[in-house]
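Comments concern the structure below.
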Amino acid sequence: LKEEERRTAVPGVATGLAVTGAGGDVLYIEASLADEETGETGVTLTGQLGDVMKESARIALSYLRSRGAEMELPVGDLKNRGVHIHVPAGAVPKDGPSAGVTMTTALASLLSGRLVRSDVAMTGEVSLTGRVLPIGGVKQKLLAAHRAGITTVLIPKRNEPDLDDVPAEVLEQLTVHVASDVREVLDWALEPATTGQTVAA
Amino acid sequence: LKEEERRTAVPGVATGLAVTGAGGDVLYIEASLADEETGETGVTLTGQLGDVMKESARIALSYLRSRGAEMELPVGDLKNRGVHIHVPAGAVPKDGPSAGVTMTTALASLLSGRLVRSDVAMTGEVSLTGRVLPIGGVKQKLLAAHRAGITTVLIPKRNEPDLDDVPAEVLEQLTVHVASDVREVLDWALEPATTGQTVAA
Amino acid sequence: LKEEERRTAVPGVATGLAVTGAGGDVLYIEASLADEETGETGVTLTGQLGDVMKESARIALSYLRSRGAEMELPVGDLKNRGVHIHVPAGAVPKDGPSAGVTMTTALASLLSGRLVRSDVAMTGEVSLTGRVLPIGGVKQKLLAAHRAGITTVLIPKRNEPDLDDVPAEVLEQLTVHVASDVREVLDWALEPATTGQTVAA
Amino acid sequence: LKEEERRTAVPGVATGLAVTGAGGDVLYIEASLADEETGETGVTLTGQLGDVMKESARIALSYLRSRGAEMELPVGDLKNRGVHIHVPAGAVPKDGPSAGVTMTTALASLLSGRLVRSDVAMTGEVSLTGRVLPIGGVKQKLLAAHRAGITTVLIPKRNEPDLDDVPAEVLEQLTVHVASDVREVLDWALEPATTGQTVAA
Amino acid sequence: LKEEERRTAVPGVATGLAVTGAGGDVLYIEASLADEETGETGVTLTGQLGDVMKESARIALSYLRSRGAEMELPVGDLKNRGVHIHVPAGAVPKDGPSAGVTMTTALASLLSGRLVRSDVAMTGEVSLTGRVLPIGGVKQKLLAAHRAGITTVLIPKRNEPDLDDVPAEVLEQLTVHVASDVREVLDWALEPATTGQTVAA
Amino acid sequence: LKEEERRTAVPGVATGLAVTGAGGDVLYIEASLADEETGETGVTLTGQLGDVMKESARIALSYLRSRGAEMELPVGDLKNRGVHIHVPAGAVPKDGPSAGVTMTTALASLLSGRLVRSDVAMTGEVSLTGRVLPIGGVKQKLLAAHRAGITTVLIPKRNEPDLDDVPAEVLEQLTVHVASDVREVLDWALEPATTGQTVAA
């Protein structure tokens, strides 16, 4: 089992791509729901997230709170169960809006109990209405995905021109999907529901 | 479908005009209401908004909370459903009072389920009683609207003299409306309610 | 209709006088009450108010909460309806204790539904027991009121000696009232209740 | 009617003594209780109070909350009615622990409806068990009281030696009381309850 | 009656020892419980306490909340009655973990209604499980206790070696107790319950 | 009884390993639950913990709130009983993510009433899904454990290569366990439940 398969082996985890001081990197967005019996409510965000990234988490939550029912997600679960979004590694500061699609996907996975496809990494800002907005660092992010053995990446449609900057030998080993609405991302990245599958968290 | 049509294709989104370091720019104000089942209440403001712009959002909300019922807006929806106002792009700091009319319009669109006219961009401070107060940067904002292919702009009545500074070739391609009360803005900018239309968020 | 008449044409607005970097200026204190259906409670203060001015708003509210019932104001309305006090222009920082009488008057107007006299501007600190305490800048404030076409001003009784510094030609065009208790201000500045008048906010 | 009589003419106001940059000064501690109908609860402290002075207010409140019932004060009024303590002038920063006795006296006056003796000014830190602890600036404070026409002052018993520093001609025109427990202060400084007197705030 | 007897003459007060800029000093930890009728709940900490000392108060409270019932303390009183811990003098900043035993003792005295022995001063950090951990400044603290006329001191068992640094002529006039668990401290420092004694606060 | 046995002699305490300015050190994570009668709810974190370490505590709690029921932990106890996590010594600032496994173990011990093995010290970051992530300072931490007389240590599986840096003479006196999931840690580190054992806090 490869690292990204182990990390995304439960619902609530999606693989993202980030730009760091030393090029790009793969990161995991983890989401959990408190057991209703614990009485925990509210939202907890950890992983030394900066202001912009915390706002991305708030946007992902509000998007699902306002649109999730249309997608048949059990959004009522958000009422009595605390949501926690964490981005390891715990000591590394992270910021920026480009984890929006990854956060939305992790939360939709958590609510639906459907796993996120383990071969996929994604990047893209999400607006409150679900538009996928362009981000920076496409080249570094695709190189990082490739280095990590990921075979499929999702980027915003408006970032398609940036694929010209990615070395051809990397691009030919990656399947690149583009999206302009986060609903397309969810349709594509979530595994089908398994009959009898239990929501894991 | 043009960009501003795609962005304002759901109730709760209005197009504004801002002054930036590099002239003027078009921005979108997005508003959503949490599904009642999610138990979410309260107000969330994102988009790296400065103090003054956050206060504009509070003023827009209080205006509708105190005057909205007179306009037959279902203000009771604000009771049990969290309101979120977001201004993409998520990483760009924004400030100033001139998004007041745009915020009020986005919220009235959200509550009424009536779309905002997609050919329109607007700018203007709003007072707590609904007065539309003058703003700065009329020239840069109209140039930005023109560049973005917008055909109709709304400015505060007290900014009419500033139209003298706008190049004639730009002005003749724009329809400019003026308003001194935000109620005039709402009457003019919101599309008629469609029979059977569902509130989208 | 003159500017100050338009601004004070609804209950909840009173005209104040401030000292600014460039002499004195007229400002408007606007107050609103959320519709009970909106579920909004609590106090919101906007207009880039400094610490001292925010405290003035708290004092005005506490004065009415403890003494308002004696004046037959419906103070129970403060229980289930959020109060918002705003001082345009939204981007201009403001501070100091001298808006105390204006804030108390705006709130009493809001609660009673009685308009504030539109020809009047006022200045004065208010203590928690309703004493009107002296303020600075009487000369600049009266010059500003005069420039703005205001005909009647109210100042603290203990500031009477400062009238000596105001140019005679200005003073003779102004009616100056003095007060040592804020109850005198309210009796004098609020228009009589109109039969059948509706509380506007 | 002298200034200090006007200021303490309602229950809830006591006269204190402070050290300022320019010697000593008289200050008034004002306390109010919100009308129960307003739904206001909690504690509000205004007057640009520093950390130590805010803590003095908390200590005065806790002292009365834990010991007030023994003194037959209606401490249950604190449950459903917001308490506000204000120290004019609103723009002048104030700090230090020596207003403890004055704050405790103002609050006890407010709860009991008994006026504070208008000829009295006081100074002294109060501990949570009601001990009156020594303070600084006895000389400057007594000179200030004398200048303001006050005839009676209260100081902590442990400050008696500091009376040696006060000019004899001032001391002989002042009646000086000392106390080591704040209960002695209350017994001495509060006027007898008037039959039929109404709690004023 | 000596000072430390006056200060500890009510339940809820214990005598501690601190290191200051000028050697050591005696300090009093005072605790009170709000009368249930006041509706006050929660925890208030005053006396210009630093972060570490505030955490000591939280630890003392949690220790009693989790272990107090085993010691037959009426911990249910903490539910509906606000707790206040104050450390005079109000204007002197204080910090450090060594007041842990004193805070735990003051709170246990308050809950049990048993006085703290007035001849005793104590110092020691307390862990969340009640372990008494070593502290600094044993020499200065014992000198201060001696100067203040205190005859008995309690120190952590792990500080016994530090007694070598205390001058022999001071040590022979002090009874020194050591403890490694705060339960030993409580057994030893609290006076027996008096029949018919009333909880004082 | 050795120090680490005394410290872990009650449920809710686990032994961790930290890197300090002066090499490595042993630290204890203490957790308690407030008695339900005290009305205390919520989470308290003390011990001068830095941001990253506070987030580790939040992650440990969320992990147990979402997964604890699967492990038959009585997570409903977290609903009505305040949780306190403390890390002595109280005055020493601590930070970093490597106490994650220790915090999770202390909390699981507290909930289950099962003691943590007293011969064991542990280090490792924990993700929200329970993955044990690698940490720094393996060499210094194992040296510190050895110095403290600890015989068994647990480290993250991904830190196995770092064992090469530990002196052979130390390694041969330590039993080193590795784990990649925190559930393995709990299974291994918690003593069997004693029949009739009482939850201690």
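Each chain carries a letter (A, B, C, D, E and F) given by its place in the written order, and its residues are counted from 1.
Here, a residue touches a chain if its C-beta (ideal position, glycine included) is under 8 Å from a C-beta of that chain, and two chains touch if they have at least 3 such contacts.
Given the structure is predicted, the values throughout are model-derived calculations rather than measurements.
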Partner chains that chain A and chain F have in common: none
Smallest number of touch links from chain A to reach chain E? 2
Is the contact between chain E and chain F built from the same residue numbers on each copy (over half shared) or from different ones (under half shared)? different
Where chain B and chain E are represented by their mean Cα positions, the distance between them in whole Å: 60
Averaging over Cα atoms per chain, report the distance between chain C and chain E in Å. 52
From the C-alpha centre of chain C to that of chain D, how far is it in Å? 30
If you look at chain C, which of its residues touch at least two other chains? none
Quick one: label the inter-chain contact graph as line, ring, star, complete or other. ring
List the ring in order: which chains come, beginning at chain B and going next to chain C? B, C, D, E, F, A
Applying the document's contact rule, which stretches of chain A touch chain F when the two form their complex? 6-7, 10, 12-13, 28, 30-35, 37-40, 44, 46-48, 82, 84, 86, 88-91, 201
Where on chain A is chain B touching in the complex? 41, 51-52, 55-56, 58-59, 62-63, 65-69, 75-76, 78-80, 96-97, 100, 125, 127-129, 131, 133
